[in-house]
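In order of appearance the chains are A, B, C and D, and numbering begins at 1 in each one.
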Amino acid sequence: MKPNFRGIIPPMITPLTGRDSLDIDGLERLVNRMIDGGVAGIFALGTTGEAPSLSYRLRHDLVEHTCRFVDGRVPVLVGITDTSLIESAKLAKAVANFGVDAVVTSAPFYFPAGQPELREYLEELLPELPLPIMLYNMPALTKTSFHREVVTWAMNQKKIIGLKDSSGDLVYFKKMLRLAASQRPDWSFLVGPEELLAEAVFAGGHGGVNGGANLHPRLYVDLFEAASAGDLKRSRELSAKVLALSDAIYSVGQHGSAIIKGLKCSLSLLGICDDFMAAPFHRFHKSERNIIREHLTEIQLLPV
Amino acid sequence: MKPNFRGIIPPMITPLTGRDSLDIDGLERLVNRMIDGGVAGIFALGTTGEAPSLSYRLRHDLVEHTCRFVDGRVPVLVGITDTSLIESAKLAKAVANFGVDAVVTSAPFYFPAGQPELREYLEELLPELPLPIMLYNMPALTKTSFHREVVTWAMNQKKIIGLKDSSGDLVYFKKMLRLAASQRPDWSFLVGPEELLAEAVFAGGHGGVNGGANLHPRLYVDLFEAASAGDLKRSRELSAKVLALSDAIYSVGQHGSAIIKGLKCSLSLLGICDDFMAAPFHRFHKSERNIIREHLTEIQLLPV
Amino acid sequence: MKPNFRGIIPPMITPLTGRDSLDIDGLERLVNRMIDGGVAGIFALGTTGEAPSLSYRLRHDLVEHTCRFVDGRVPVLVGITDTSLIESAKLAKAVANFGVDAVVTSAPFYFPAGQPELREYLEELLPELPLPIMLYNMPALTKTSFHREVVTWAMNQKKIIGLKDSSGDLVYFKKMLRLAASQRPDWSFLVGPEELLAEAVFAGGHGGVNGGANLHPRLYVDLFEAASAGDLKRSRELSAKVLALSDAIYSVGQHGSAIIKGLKCSLSLLGICDDFMAAPFHRFHKSERNIIREHLTEIQLLPV
Amino acid sequence: MKPNFRGIIPPMITPLTGRDSLDIDGLERLVNRMIDGGVAGIFALGTTGEAPSLSYRLRHDLVEHTCRFVDGRVPVLVGITDTSLIESAKLAKAVANFGVDAVVTSAPFYFPAGQPELREYLEELLPELPLPIMLYNMPALTKTSFHREVVTWAMNQKKIIGLKDSSGDLVYFKKMLRLAASQRPDWSFLVGPEELLAEAVFAGGHGGVNGGANLHPRLYVDLFEAASAGDLKRSRELSAKVLALSDAIYSVGQHGSAIIKGLKCSLSLLGICDDFMAAPFHRFHKSERNIIREHLTEIQLLPV
């Protein structure tokens, strides 16, 4: 029995042309670029996709177009994280019709839920879902983590099929992997921070949901494959490139939004899609855009 | 020129009979109880109202019925806090038709916005709003605070008419009051934590948005009036009762939800409305309910 | 039965001329200035006194000279907070010989102690102390707070005689006051943040341990007296001056050290004492010093 | 040019028989056990050694006896972290006489230092030190981290010879490694959390300062060697044992002290040394001790 998903599943940025309008051509180019780069799936409406900042109408739209462009070439996963269980369930039902393969939820994130509340939340959500679901651990933004007791419970739920961990805490990731070992060989354990991709795979993880794979999918796919093959030397070389990209692209802005801004700005400079950002964020100004352009040249994603 | 709102404006709990259904009779009793108790307004869809946990449909419903029951006797304020600016604006427009007097927003709360981002967010939101708006400072749940620079800017926006501060940080409250002093005598400064009501009024504040006023409106109104009149002795006596209520009712549960659970349970024991809670929370179990019953007797809200 | 201490007890800055040398003349001027200003005691070796940054030798020295200069005119309290119980006890014994009236301790602050551990810590420390002791609640720097259960226990210990609360959380302060009400009329409840002095006194507190009283003791003493007398109008006027001083002097630097740097720089500009700071901090540079000078003129502590 | 230290350097627990007395025989057994287990050095007076809780007298004593028992077989490193630069320097000078090889310091930890202050602190400390020094990144307990700018500066200081990182943030560890790559091939990068040992070595790190190596030095040495040799399969097997030990021994207590308590209790059950703990902590009660005994049997450190 194999894990449901293995490899790189980029948390897709949401290409926008305006506050509530999708950059549809950009989306098509982006989807094709990632699939051509060898990704194992696409994760729409995650944190990198600015999901909570988008209108529900646009979220539906995005998923519909994404599924159309992907056209079955790889699985599509969709984030349904919400503060309202009812809205989560509604979105899950809606996107199921577009051919989505699985949904993904983190904890409801306004009120910080205790662990028993978190379990009950999932217990209530599961019967509403027409699709399998992955848990998404994102404590920095949801104020809570899926603790051992909740994950142990989740492993007894057939509909729950894996864990995406964006905590940056590799000890947590390894401990959760260890819990699953004998019980759920079908669970996928995917790591969020791309700078930990190699190590997560060495530890037994199944891949990454790495923002940088929007921009340079092949690099992350290559690193995943090297790490899976146990090629330490090549993993270290490719990891150095991942760190270089991370330093170059994610450190230009000041606030928490620097990663998404850096990715969107880069994709815009590469001619893939617009870099409009949903409120409360705004695209980079010209000066920051110029720095990103220089950095893209340095890491050879733009010609000199 | 006087502040727009003065007095006690309870952050109304949302009476529910089930996951997505309103306790309409309970709502009517609750509204009447609060108005009979002398409140100066009603604030629907705040944190105590579990707003982020409710479906949008139910949020509309609640506001419509609330306005109907209030029937112009006091102003109605409605929380439109959301992670999506578009959904905030949409809700504001919808509720304006029901006769709401003002809307209230805290910071978008998934991504923690930096201060310049927060200002730009408000700048973009304001033109969309058909109603005046109050800012709602709630850093524990939104991960960010309205800093001096943003509040200073806000004081130059005619549509922004006040600040509700739930930070629990009375130094912040006093500093913001001081900023407004000469500039915006029409701004209302309302304090969230009821245990700080007297002190906030002594410092020049205009009232409180206090959860306990769902349960015992007269106590908070009396305290507000004593503090406004500069009656220190009576303020201290009534403050002691507020602290006693707070100790009795809010400390039964373990998690962050203990306050709302305690209020709903108490209102249910008093026969006002159902104590169903929206996910991720659940009403108290029988044992906790019994403790709340005893405590209500001790503080004389239930007969012996 | 009256509280042991009532009024303003400044947390004295430690005047230094170099890394490990006291500004003895400056200390004398400072002590006299505060006593002339009407303070009810002096608290040496607190946070504002940079105690943890000083050598033990210098701590002894400081207390010896302070007691000599005070010469019984007001009580002297001394901070013995340490990560090592043995060093705390040693310091307490040493300073008892100089005529100190009480010692003060916050929680041991490297390892964050749980509440039972905190109680046991105090239980072990008390028999070692030749002097009565006040608790000092400073969660921002010690990572832990004295919770209700520990304070309740402390109220049964004759040797513990009060609580200084620097949490900035006035709800906590009021709840602790309420605990003590019937049990320990001799306990002193003193508030740390000077911007909360009036409100703490209105709520039943007995005074303040306010950094600004190093610089302008009379202002804080006047405010304490106005608040004690229930004079709301005058309290509000004087509170405005306290906020103005706070804005003027504490907001020049960027880091957590801005308050101490601002105080020392001001005292140096007033000719009271040197502004040398113990590592890891450094005195203000010329540009910041010039801003402080302007601000001191604005708040009329320096002539135009 | 090779890194100064490579391999496992246990952060030695401090065996005590009472509040201020060393378990000297236990210390000798412990030192021998670790050296027999193949460790590459011994780190005394770290967090696991409860250093901040000990009297200075006992700290001196411990280092003197440790150096005597080690007798040159492996290097000895000594923690001099303190809130007072003068006490840090004093301890460094004292222990240099006992034959210590290097000292180790984290940030001064009462006041949270800003980055420029941290650099200036080190600048002032370095000339006082008779020995080379390693930086020790421990943000959870010191409230601050050594950021890129400070580490870059540190790489230009000959006397600074490495970084021990206990942040648990492997991305940070990798970024710091990358900074050093070309510049300081002599720097040692050691990881604190033992659950990250293999991954830290795969990423280019030089070893671990792992608490568990007090108890089972051979396991950590074997894992270090497997990871250094690039043996992924064996690393995974041994990592599983490390995780099992961590789950068995560190999760019995509730508070932050659970790791040290678990280690000391285990060593006591194995007959190595006393499990007395310095305030504010206490050794495990009988019930917890029995659980530890069972767990030690399960992981085969005690016979059935």
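To be clear about the criterion, contacts are C-beta pairs under 8 Å (C-beta built on N, C-alpha and C of every residue); 3 or more make two chains touch, one makes a residue touch a chain.
The shown structure was predicted, so the numbers you read here are calculated from the model rather than taken from an experiment.
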Inset, instruction - Give me the chains shared as neighbours by subunit B and subunit C. - result: none
Legend entry - Inter-copy rotation, subunit C to subunit D, in degrees (Cα atoms; steps of 5): 180
Inset, instruction - Could you check if the interface between copies subunit A and subunit D is built from the same residues on both sides, meaning over half shared, or from different ones? - result: same
Legend entry - Averaged-CA centre spacing for the pair subunit B and subunit A, given as whole angstrom: 36
Inset, instruction - Could you put a whole-Å number on the gap between the CA centroids of subunit B and subunit D? - result: 49
Inset, instruction - Indicate the residues of subunit D shared as contacts by at least two other chains. - result: none
Legend entry - Arrangement of touching chains [line / ring / star / complete / other]: ring
Legend entry - Chain pairs that touch, as defined at the top of this document: A-B, A-D, B-C, C-D
Legend entry - Residue ranges of subunit C in contact with subunit D within the complex: 19-20, 47, 50, 52-56, 58, 83-87, 90, 107-114, 117-118, 120-121, 124-125, 141, 254-257, 278-282
Inset, instruction - Using the touch rule from the top, collect the residues of subunit C that touch subunit B in their complex. - result: 168-171, 174-175, 178, 193, 195-196, 198-199, 202-204, 230, 232, 235-236, 239-240, 243, 247
